[in-house]
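The structure that follows is given in the form of structure tokens.
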């Protein structure tokens, strides 16, 4: 009986492992070896690096420790494809990842096959309580994160090419110009429990469950649209220092920001670059690729504010986890649907919160090198919630904490407004 | 009767105004015109600038709005000594403040007298409820902040001079090598009220009062000593990436940090530079001039953590606000006293918390240009609590939130450890 | 009769055009599309860019002006593959050339075929005196320069890959440890003519012929070896400020230079990275990939100096233009032969002179956009003479002036010593 | 008899020593201690540093070697006021010279008196052939160079102050708008001798005398005026890449140059900042504070070129060395006089040549630390000739080679045009 359950869990794991690995292969299919090799900025990585590094993760944390006498695919890969795990050893310089033209993309696909074959064998042998199971689960979720990063990074790379290549063909249909009106939902004050109890998979940064007190608040029932953000631009938002955080105002001026990252004016008409190329801006679609600073300034201009991550989680807690997630037939955020008391909570765009990314009360890092997974990044970044249109389905959840620096814009980040209730 | 009260409050205000202004004059007395003119780094300002800008504050926010036909002391000063108030107008470039050799120090002292005379006249005329009273109170507290900054900045400037000049003569006495042992105090979980109700003066960032839930925690009954921090150094703390936040590890390596900001090795013996010159390191005195990153790494090495600002405030709430504050006969942090259930909570060194400097729930900025005072800095910085040995007496309080970037070290910042209680 | 000569010249030109174009194709044959796409530093360009830009040169300066109704291969290429010709129009950002993953390498090979076909047609139609002939000649020489740059850039790219890939297989044989002893040749003082009369092809920077007076001097009969340079290193050359130009000493310290660009210590043994991979340092081979600063410091340490470009040209004027030029079976500088009154004057390594790259007396730039070819670079650079082991055969000549910034090291640059004669 | 001559020379030397030292004191008299302490950019030094360093020169190279048991004025000064002599020892960081508020200006004036007294004693004892005499002569010339630098640096500092303080009172009178027309003078080709024979004092970089062949050339009989340069600006000179050297075009765009360094538009009217404050631009006065790049671009726009340093020297060789040199009643370059076959050759503005600053044939550096005086700067800089309105009288000469980087603008540098003669 227990054996059957173990077998079932093992089979499920094997299936999810293979599906996840296969999705990565699908994602790079539209890319040439050249596309997959180049790094467009230090924050981004080559697609080839992503699919090598996710393989490295399984090789390093599973095969090297579980397989006796495991022979690495290539001795240098431990160094070359280690992202940031000092506990494993030294790392090849991050801003130089794009210089590694050899091993080739084909070599890395061979690396994937080599590791997948051995991982298949390994999963076969696992007992129900084997700690390797949790590490494989972590590796699957880790690869999903890199699938999203891979699409973010390719979008950034292609955006710098004056030919504006498309990752996928076919510009999205433009919606009717008027989005469903924005409504506000009220939440009363009180104490609640937040974070994950860890009964199903979560990252360490979502733990432990803990109490937090919330004041009453209002929150918008959909995210901000391109049309609404354009009104901010047209009202001189990028030229009004009083709307901005001081650090944000410095960044705006240093980089001469005038619009979201991928907006372009073509003959006086606003366009947006997406994974489907350059096309006219859809005013009803969510504004996307804004920094925390821009989200915060827009909210101030709107006489509102960003929600805290606790507020967001309270709102999301009772909702069904449906949304516009990674789907090769879409790949762009979509306008809000007409119905539903909350729209776009999950998927479409990550939603900036005004919560700094800090450890939850009682947070502990895992022992060993995987303890470096999340904890060491808990400074200077802000939390985003909800997932986006390039987040693999099933990857995000109510307690999921994404995080980026307040100046970052290349992730699919948008805005949901909140407000204090008069007291 | 009401008139008498108003007169009393007015007299008190006049007295406090004069005392505060006089303290600034006292603080620059040991400085030559050259000392007062130079800027040692973009984060710092010349002493002359501090005493001009604090005067500008009263001229701009009081005299210009309250005095009809006020004639400015000098037309260019509105531009020259505006720190960051975009609502007032453009500002002279901050990193270039040290280039302003003219007006001279004597000119600025004349500016102070000019403004003080008119401020004296203005205070005479104020009725009890005049909103100018709150602005004068703000101006006094503003000048106190700059008094601390002035000493921080002079210390930094003198530290870069190979002759190590002293601001005040006489090295501090070295304490007995063994500090009173560190004890831990336990606090139980529960909900509480935090922040200031604003009945007496506070900065806007301390408001509004709000509820917050705290888990049970332990906190150290004194701050970390130089001797304890030296053990961290000797154990290779600055060479162990696993102890550090990722951003901190980058900063450590970029700047080749090996010790707190003002530690110097002289013939193999650790010395510390203070406002009293270069002298042997006092192992019992509080470690000071560490960044948030160093505080955090030290705490991790100690199998502890930094407190949150809420934890600190709960601990401090019931304590008497005594401590080693600005006193020209001291000017250095002192070793912990032997007695007392908490030592050094107030004064000696500002204590890093792991709380990011974000707005309290329900926070509103003040209308007008003074609304830029605090709110626009609420990103990327961390909260420090308690005051230090160069904070003017009476300036800090239980709810006071100081803030610096996690890499800043030139403020008098130290470390108090905290721990989770097992759950 | 005249027609026959014109036909002959045309046929020769067609043949040289095709051979040159074919050599570029041969040079990229060992490269993958990934190798050809990446840019390792702002000074370098992707191999794909080199073969596109050399094609652009013919398209822009020949086909667009000579062919009526010429239809460009791709509209965006005028912008994308313009290097620095402001007279032609705007240019895609140089440091970002490596971001252009599309057009693909295959697309660019198609571009080459398209242009080559039309160029073949064009050459057919040219009369003897057609000014296009000179432009085609320039284009051929231009492409030869980019052939050398392509190999320099690939070497640099591969050197940053910890796997040290080889462009060509087979490490060079190590020579006998003792090179033929260095001899000195004396030249008497006098006035002479220098530069090119322009009867056969030369670049504009070699003109006009002009008189120059030279003092008597001595010059070495071979270039400096790795072994000799190693003695400089072992004598603390990189740590002795008195040996260096002031700017050079700054660069040495800023970049922590300790040896020539491609020297690597492997387990305490000096190796050199070449187009044939990483292999033990050949002490008899010429030192290569040193900056002007290193060449100058080495000369000072040797109680000698670098020659002027006039001294070099006088020495070279009467010599046969043989040497170790681009040859896919070699690709590395070779030790000096035993015989010959001068060795390695041509080929092996470019020889730094102490002459700044300035216009010759009477220099005029050509009219039109090709006037930007050389003249606008005549500041801050130093002249090198003689050609190297990756210079295409037939490309260099006695009057040829190569030029690089004094800190540049990725070109194949070496050292020939000179000395004043006692007066 | 010989004794009398020695005494005379000694007396002359003593007199010139005292006069030179006195001039430095005169130059700083208008400065406050604050003015004298601050450093406006890394290229500049504080006035206090200049007067300390010139004193250090005599202390280090004369008193320390000639006086037995010399007791230094202050032990730390050897380090603190060493500019760049690695042969003497380590140096305090150059960009941080402005941080040294202590020693005070008064302390440094005391240092000057201390050294002057001992130097007076030393000169008394010198025999005619004592090598110290040459070093004192060098020290005098060295101090004259720093007198010019001091005025350059103060001008730069004051220019960054929005109050535009004046070093000397009284704006210069504006000349009649039309300058005397520019004429051209022709020189025939031929070989000549250049450089200094060293019979009277010169710097090492002017030696040895050597032959050089010159082509025939034309040269302007006065320097370029502000009015002529304004026509270049109004013709879009700063926006036309084809007029510029490639490196110059980069600098123009990086720094957004639109006019010479000290030109300012006030309500649409061009003004110039000088040591006499901000005043309307004198169109007849020489253009000043242009970089080599601007001088070169202006010359190209004028269908002319800059002269070589040899051409300049040939022209100047037979002229009387009169001109507008340092004179506290002037301090600005003056319009050309109406008469004279050459005007402004000496004084007014240094004249950019297109000659790179490289060693003359046969150049040898002096032995010892003073060998670092000039030779190590012989890369990346361009030669200027003739002296300017802040060069001390008697300091410059026909063979004098001044040198600055091509992007430098804070020296008093102007433009004299030259042209090739048709051949």
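Note that the chains take the letters A, B, C and D in the order they are written out, and that residue 1 is the start of every chain.
Definition applied: a residue touches a chain if its C-beta (ideal position, glycine included) is under 8 Å from a C-beta of that chain, and two chains touch if they have at least 3 such contacts.
Being a predicted model, the structure only gives us computed values, none of them experimental.
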Averaging each chain's C-alpha atoms to get its centre, pick out the one most distant from chain D. A
Dist(centroid_CA(chain B), centroid_CA(chain D)) in Å evaluates to 47
List the centre-to-centre spacing of chain B and chain C in whole Å, with centres computed as mean CA coordinates. 59
Per the C-alpha means, the centres of chain A and chain B lie apart by a whole-Å value of 38
Touching two or more other chains - residues of chain D: none
For each chain, which other chains does it touch, given as pairs? A-B, A-C, B-D, C-D
Residue numbers of chain D touching chain B in their complex, please. 32-38, 40, 76, 79-80, 92, 96, 98-105, 157, 160-163, 165
Contact footprint of chain B on chain A as seen in their complex: 84, 86-87, 191, 208, 210-215, 241-242, 244-249, 292-293, 296, 308, 354-356, 358-359, 361-362, 372, 376-380, 406, 420, 423
